[in-house]
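In the two assemblies presented below, subunit A is common to both, partnered first by subunit B and then by subunit C.
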Partner chain A sequence: MKIQYRDKTLALSDISELNASNSGAMRDDARAALRTEITTIDVDLSQTRLVDSSGLGALIARNKTMSTRGGGVRIINPTPSVQQILELTRLHRVFEIVKTS
Partner chain B sequence: MNVILQCPVEVSAVPALANQRPLVLVPFLGQTVLEHALAGLAAEGAKRVRIEGTEPVEEIRQVVGQGEAWGIKIVFSQDAPPAGEWSDARVVKLNALPQLPQQPLWGSYRDWYAAQLALLPVVAAQRVGMREVAPGVFVGHRTQVAGDATLIGPCWIGANVFIGPKATVGPGSIIEDGSYIDGGAEIVGSVVGPQTYVGAFTELRDSFAWGNRLLHLGTGSLTEVTDCFLLGPVQSESKLVDGLRSAVRFLGRQLPFKSSPPAPRPMPGTQSPS
Partner chain C sequence: MQAIPPILGETCTREIPCELPAVVELCQQAREFFARAGLPALEIDGWELALAEASNNAVKYCRPEARTIAIRVDLVASEEWMEVRITDHTPGFDWPDKAELPPDDSESGRGVFLIQALTDESQYLRGRGVNCLILRKRRAPAEAAVPAVPAVPAVPATPASPPPDRVDQELQEARHTLDLMTEELASSYESLSAIFRFTAELQRDDEAGDFVPRWLGELLAVVEADWFVLRLRDSGVETLRMASSSSPEWQSGPIQLLLDSPHGAFVEAQAALRRSDVWIETSAPLAAHDPLLHFAAGGCGLAHPLFVNDRLMGVLSIGRRDGKRPFQAGEVNVIQTFGDFLGLQTRNRQLQEAQVRARLNTRDLEIAANLQQALLPKELVSIPQASLSCYYRSARAIGGDYFDVYPVGKGNLLLVVADVMGKGLPAALFAFMFRSLLRARRDLAARPGEYLAWLNQNLFQELDQAEMFITAQIAFLDCEKGEICVASAGHPPLLIARPTGAVIEVSAGGPPLGIDADPTFSEARQSYADGHALMFTDGLMEARNPQGDLLGLEAIKAELASATRRGESNEATKSRLVRLLQSFEQNAPAADDTVFIVIVANK
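Up next is the complex of A and B:
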């Protein structure tokens, strides 16, 4: 997973899977990278083939943290299968979904 | 009348429908596409139908048998080469159902879905045990619907289905036989395949869910849901019970005392021999 800073945004990308096997690591990495000025986390899921409930739980946890700072988690370019999971779980109404392409 | 029914094996526009079973056995209003096609041909006067172009034959044969259900005789092209009696047969391509010749079946996933909606009132009126509980809402035999669930027509709810509390089904939804829609779930413009569990508070729109597979009817995107509490096949209780019984029987055979008779117990008022 690649971590970048853009102004007040933490950008996470190069995520091939977001499931029980790596959601804990993703949560820890994001927490460690979370500077005090960060209000938004952009999670690029354009390379993501698989998301399960553990991965969604990690995203929800980060969203909860960011909402206390007045921001949130944005999902960037989810793949069609990830979009389907977000819609199945109604989380497309919780996260801001940004499609740039 | 003799009919040669030419079945498509795989259609490039709808590959996801054919990746588990032959395309003609895809669910369609409580049956399969092939069964509806045979019903339509029988209604048009067909007496013998030769099915061509689909495999595996045994799987097809298990579903349609020899045609007794429709009063016709079914022959498979793999069984014997066409004899002279088929030379004057009418050739029907299963690109559309005989009942709906103007409605293509396989042009896209939406075609397959639209054909079901178009045929829904006709099939519902003919199906034994199905009743219209509200305008356009057809519910099958032994189906349970929670009192506070919302059903909006047109929708088809097959037999042995459970619709949980505060769930919403419809409009334009088809729930196939034996499925379980958990409480708070919302299903709109979608098809839920047979024996499928749809988890609590989930939402299905413009989709076909069957087992743990979720297909978007618009984009054709297919995904496998790994969390069975969201979407998955209904677990058969009888299979579970059968499995437990088999395990107990197996363990019983392994234990030496199983075959030993129980020790005699003294009758009341008597003394045990010492």
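Up next is the complex of A and C:
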């Protein structure tokens, strides 16, 4: 996973899957990298094949933290199967989904 | 019933250690399997997620002591279905029919929802410390493009309007369910394929009963069990009667289905009364006198009640002698599905019989019943020398028993009782033939043996062809001599009671009509003037009480002796015998037609 800072945004990318065995790590990494000025986390899911319920849980946890700061988690370019999962679980209404291409 | 689809599933089985990273690797292998099976990419992703969710749960909630046991995963690809089975060692949990989504801000609780959303069917089978989750999804037809957006579920086709007859409708439903279960069984286990050799037999109604023991034998092999006992419920009665067991020589009486009866503690009764599986295990010994002690003492097993539409059909018990090897979830699943299948099959057969009976009950039965009634004498001829009383009871609307009395010559009588083997229309038709022939040769009346030989000659070919036979007894009442001349064709004896209390059995004659082409029939002569005589068909002797015991000849002889000793009239003697019959049968349904004639000499 790649971690980048852009202004008040923490950008996570290069994620092949977000699942039970790495969502905890993602949570920790993101938390460790989380500076107080960050209000938005962009999670690039364009390379992601699979997001499972643990992965969704991790995203929701980050979103809660960000919303207390007036921001949130944005999902960037989800793959069709991830998009399907977000819609199935109705979380497309919770996260801002950004498609850049 | 539709043709049963053959098992075409290609199976891939993996056993993974109980840890999360192993699940990732498993999912990778599963993707390759699904790709080889030709699934489109989006479906592969969906299956991977469902498998990941299920496997993660199997790892996360595994019982601490079972962490060293591998988690087994079966991937099955058939032409129509994809299927995944995950065997876990968690304490198990209640699998919802339809999982709900948690609140949007909840960080957990979406796993089961996702599994169900991504598959068409899911089933969670719970066993003792081991459970099995089965996920299935129908494959999109190869030529159809996969829609980008999930299609709106098609409105199911309106079923054809149900037939007016409820039996027909229920039969149709039962058949449909059978089809579904057959399919499920077929996909259950490859080893079960052996069983499907026998499903063809299901379609041969006439032999429906025979395959059950063989089937259950197959089940024993499939689940590696040592014994089984199948009991079926007597229709309309709260008892379970032995139908089949792995030891054919083993006998066991019916079990009463009442909680407060001594049978209430028996495992099979418990399963039926609680409507749920009852486990047999070494830690919970069976009740004293439980019939299953014969098989299950020290072993383990399961009693599974068979319900169809809330109707108890029976109980299937099955087990192993080794108490340390309880059935595992997959095996329990096979036993349950198999048992339910058997229950349905039994119900199906009952319905078919009901259907056939209902059809017969319409026109054919009316005709046959009219025929049959027309055969029987409207009123009994009377002669000065003797008084007669007759009793006739048909086990069904039409029966094969026949009797006749007619005057011969100067004040003599010919008495005939006959029993056509079998019941229903064919029996009635043979009774009709028998009567026509009988009436054609009254000149033979005084020689009953010859009479029978002539009847046999004329009936043999037809009876032989139809594989039926007739037992008959002809008695010539010679009033001048006060004698009775009797000949029988394989028929129960004629009884004559003497005032001393002795009862003579008169059984001269030969074989039943239709057995030998050219037999001879001997005759016997006895005086009837000082006692009561009785002619009857075997329905009287073979009347059964609810326990299944036969009335028997001795009871009839004793009754006839009492009547003679007391000098009772013919009518009083008849009433006495009817009372004997009724008090013995206690409302048990009559299995056979019954006829008897009481002959009392007038003093």
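Note that in this section the second predicted complex is superposed on the first by the 101 of 101 C-alpha atoms of A that agree within 3 Å, B and C clash if a C-alpha of one lies under 4 Å from a C-alpha of the other, contacts with A are read in each partner's own complex, and residues count from 1 in each chain.
Assume contacts are C-beta pairs under 8 Å (C-beta built on N, C-alpha and C of every residue); 3 or more make two chains touch, one makes a residue touch a chain.
Worth saying up front: this structure is predicted, and the values here are computed from it rather than measured.
K.L.:
With the two complexes superposed on chain A, say which partner A:96 touches: subunit B (first), subunit C (second), both, or neither.
P.N.:
Touch status of A:96: no partner.
K.L.:
I want to verify the contact counts: of subunit B and subunit C, which reaches more residues of subunit A?
P.N.:
C
K.L.:
Answer with first, second, both or neither: which of subunit B and subunit C does A:61 touch in the superposed model?
P.N.:
So A:61 only meets subunit C here.
K.L.:
Tell me which partner A:21 touches in the superposition: subunit B (first), subunit C (second), both or neither.
P.N.:
The second partner, subunit C, only.
K.L.:
Could you tell me if A:50 is touching subunit B, subunit C, both of them or neither one (first, second, both, neither)?
P.N.:
both
K.L.:
Give one of first, second, both or neither to describe whether A:42 is in contact with subunit B, with subunit C, with both, or with none.
P.N.:
neither
K.L.:
Report, in rising order, the residues of subunit A that make contact with subunit B in one complex and with subunit C in the other.
P.N.:
19, 50, 52-53, 80-81, 84-85, 88-90
K.L.:
Over in the complex, which subunit C residues touch subunit A? Could you list them?
P.N.:
Touching subunit A: residues 20-21, 23-24, 27, 41-42, 45-46, 48-49, 52-53, 56, 59-60, 101, 104-111, 113-114, 117-118, 148 of subunit C.
K.L.:
Applying the document's contact rule, which stretches of subunit A touch subunit B when the two form their complex?
P.N.:
Touch residues, subunit A against subunit B: 19, 50, 52-53, 80-81, 83-85, 87-90.
K.L.:
Under the touch definition given earlier, write down the residues of subunit A that touch subunit C in their complex.
P.N.:
17, 19-21, 49-54, 56-58, 60-61, 64, 79-81, 84-85, 88-91, 93-94
K.L.:
Spell out the part of subunit B that touches subunit A in their complex, as residue ranges.
P.N.:
Subunit B reaches subunit A through residues 201-205, 207, 214, 216, 219, 221-223, 225-227, 229-231.
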